[in-house]
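Encoded as structure tokens, the structure appears first; notes follow it.
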Amino acid sequence: MPISIQSRFAFTLDVPTDVLLQFEAAPIPEQNILRSNTDVSRSEHFARVAAQDDIGERIWIRAVGDFEVEYSATVEIERQLADISRLEGLSPHDMPGEAVQYLFDSRYCPADRFQPFVEAEFEGTSGGARVTAIREWVASHFEYVPGSSGPETGAADTFISRQGICRDFAHVVVSLARASTIPARYVACYSPGVTPQDFHAVAEVFLNDPETPGGGTWQLVDATGMAEPCDTVKIGVGRDAADVSFLTSFGPSNFRSSSVQVTKE
Amino acid sequence: MPISIQSRFAFTLDVPTDVLLQFEAAPIPEQNILRSNTDVSRSEHFARVAAQDDIGERIWIRAVGDFEVEYSATVEIERQLADISRLEGLSPHDMPGEAVQYLFDSRYCPADRFQPFVEAEFEGTSGGARVTAIREWVASHFEYVPGSSGPETGAADTFISRQGICRDFAHVVVSLARASTIPARYVACYSPGVTPQDFHAVAEVFLNDPETPGGGTWQLVDATGMAEPCDTVKIGVGRDAADVSFLTSFGPSNFRSSSVQVTKE
Amino acid sequence: MPISIQSRFAFTLDVPTDVLLQFEAAPIPEQNILRSNTDVSRSEHFARVAAQDDIGERIWIRAVGDFEVEYSATVEIERQLADISRLEGLSPHDMPGEAVQYLFDSRYCPADRFQPFVEAEFEGTSGGARVTAIREWVASHFEYVPGSSGPETGAADTFISRQGICRDFAHVVVSLARASTIPARYVACYSPGVTPQDFHAVAEVFLNDPETPGGGTWQLVDATGMAEPCDTVKIGVGRDAADVSFLTSFGPSNFRSSSVQVTKE
Amino acid sequence: MPISIQSRFAFTLDVPTDVLLQFEAAPIPEQNILRSNTDVSRSEHFARVAAQDDIGERIWIRAVGDFEVEYSATVEIERQLADISRLEGLSPHDMPGEAVQYLFDSRYCPADRFQPFVEAEFEGTSGGARVTAIREWVASHFEYVPGSSGPETGAADTFISRQGICRDFAHVVVSLARASTIPARYVACYSPGVTPQDFHAVAEVFLNDPETPGGGTWQLVDATGMAEPCDTVKIGVGRDAADVSFLTSFGPSNFRSSSVQVTKE
């Protein structure tokens, strides 16, 4: 069942300004892009560069005045879905190079500080069972409160305040997973279950499927409960929200509006 | 003039434990490894994985008991040296994908917070001149004080306390460069000028050499003044110290000793 | 030349809520309250309690619905004015008990962290000369930017971002003074020079006037340059902004409006 | 049953230095000081000043060289003991001026940040029942780990790491109480149950005893479980550990040793 995406956003640049955009479904094996159309305002400069881990692309523009982005796509999800609670953790020494970086602390995910907590709170669990326990603990102890966090809010703040938005839920899950020595990254995505409809973010963890020889597999985890792995369309990944944003302006910009519509066809 | 390196360190693991090591000169074009020898204690498991940006390798071991690492190498530096103050900054929209990630905030480098500071303090400079101004400002305003910082210390703390070690100097330079929209990363290295001799860390910035068509070039910057680009041997790179450590233990470990000797032959 | 004050503010409480108010000129020896009138909406409960250091009063109300406060006063300033740069610092062991608490770190003023900075930046100065140097350094290195800070912003954040409002300037001065072993507190006040007119905050330091036997004297310091000690009307004092607020609501409240007019008669 | 206290500590000052000491049982109504002896090394200057809230005294010394403090006392506790779980909270508007300051955030107790947490975790409780729930939650979720915290550690750090020493346990209790609109302060004390014997710190909350007309009463709360209110001897109080320390040196000092012995006679 393909997923249909329509997103648009608009901003104004008073002077010629460089802007980094990342809003398109990533053309990766697990996502079959059946159709896609990107329509942006005229700009002085337009260039595509590979995004983190070669998952998706970032777009550099340099423009001035009113700028609009309109994107539509139809995507078929073909990822391997797994019952996360049955997956195993990899021993650190079995982790491939590309997963190692996702064990480390990042801007919004000071994972080391959570080690005593995860050892006490989730004692006796490991691997996928640990991840499931983390997701359930976050889901039941944190409240989704739009406006309760800002661009400086990290997982430590959210852990204390017990409230946030999708970005904050993802940061806490990522931090608690890394504190459990499970590689975890941040995924910007589209998903039809997000209410109200908007750009979304979830966590992704690296676990071992004992039935699939050769190791690790990335699995989506959404503690907000809104995005199902079977209908989540990945835009890009990163250590945390510092790495993946649909709009990063290298100079003053006025954000005017955005709308997102994601449906199952 | 080749650089000769001898380093050794020893630690004890009370139970079988996974440990990540990164201590060898990276075999990259700018470093000609004339000779190298790595000698480690017997371990249950030993594997090499690619390190960040494919610069050097990390070694996974799983071992128990006393563990020793002994490394020696002779390296010829062949990097393009440049007078940094003459290099230009790239416009963001000209930055390649692999440099973009080094514009963002990381665990110990909350660069965004320094934007008003760099704009005021280094007003009128850009590109290499900005980097030179940053290096000189850090060199003259910060004191090198062993023991004044710890594993949680980040660039914001160091900016306040005005003291730290090589790691802290590098974090401040990286943060102020990124706040100036100059990609900057953290480099673990060996260098003969480090006093007392030890593992070292410096910053590296991405600038444009107008005489070299095709763009950007990474340039080493050491605000401690101890490591010259012409005799610095890179081990690995990362966003900041969270990414590059000569020893990361995934369980309790007792560090026993280390010694480093780097000389010009 | 008396100072004339008119201030009003209004807020709405959806359910019966306790609110703490502090907005009146403090009746202390250095301020002769020639005339004053406080007019507040009807409330279920109204009580006055002494404020910090017995300087001024706080008002407890319990009310529901629209609530308005209207205050007017005429105050003659009779404080001892001094050329701060000529005052001396007290040795810690000569400080009276009531000044000692203002040497310590507080919520928004982590003074200890600034010790290496003040020793390096203001080397060779002490006492009033140190305070003058601090005020001038803050005045010339920080920008007054409404909206650049929030309720969580402390002196460490402001020291990094180099911008803020009166509250932030006061926090930095207080922190740098305490780091210099000079007792310093936070003063909520009215002053005619504040532009645009609003509730204001400044720092106050405890120094020794060699011509006045018996010691210490509190002296106002405003690094924003808007409030002169000769025409500043104190409302209350505290360790920092955590202690002194014109409105603290113990439950949800909607702030509707405020206006302040302070003039020299 | 009187409590017998013997404490001593020693430090060295290389140059003449001001030091603030606070180590004696406070002579307050609830503590009958049957006998006390303070013996300190010769000093250039020795002065007593009132400590916070006029509870106990601080001693200023100025000295150089080896300095020793020897203190012994016998104290009879005569405080009103209460079953905290039966006490009521005061409405904010009924709180006296001297309790109001203990509702606010302080250096190590950023209480505001914990409001959503206490509302969710301790829902349905208030007053003494809330305090009992907080004490039990901290006692069962935090581990007493000497060496796990340092002078910069605050309640937010401890809430994340779930481990600390008496000071950290007290900071968390104080923060969660204030977040519940219950005035709470930090108490430095001696108590025979502290293992190993040492200077100790606990929290104290302000509640209403419905059987005692006229209001509020301060009640000791120790989430480490080591100090019973019936045998705890108060030294001094403050907002948090920033205010109460047995030794604060205004210059370099080398701490040599300390010993504490507290017994029930």
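As written, the chains take the letters A, B, C and D, and residue 1 is the first residue of each chain.
As a working rule, a contact is a pair of C-beta atoms (placed from the backbone, for glycine too) under 8 Å apart; a residue touches a chain by one contact, two chains touch by 3 or more.
The shown structure was predicted, so the numbers you read here are calculated from the model rather than taken from an experiment.
Annotation of chain A and chain D: not jointly contacted by any chain, touch as defined at the top. Averaged C-alpha coordinates put the centre of chain A at 28 Å from the centre of chain B.
Per-chain Cα centroids separate chain B from chain C by 45 Å.
Taken residue by residue, chain D touches two or more other chains at 113, whereas all remaining positions touch fewer.
Taken as a contact graph, with one node per protein chain and an edge wherever two chains touch, the assembly forms a single closed ring in which every chain touches exactly two others.
Chain pairs that touch one another: A-B, A-D, B-C, C-D.
Considering their complex, residues 113-114, 116-117, 120, 141, 143, 156-157, 159-163 of chain C touch chain B.
On chain B, the positions that touch chain A within their shared complex are 18, 20, 45, 47, 49-52, 58, 60-62, 91-98, 100-101, 104-107, 110, 112-113, 151-152, 181, 238-239, 242-243, 250.
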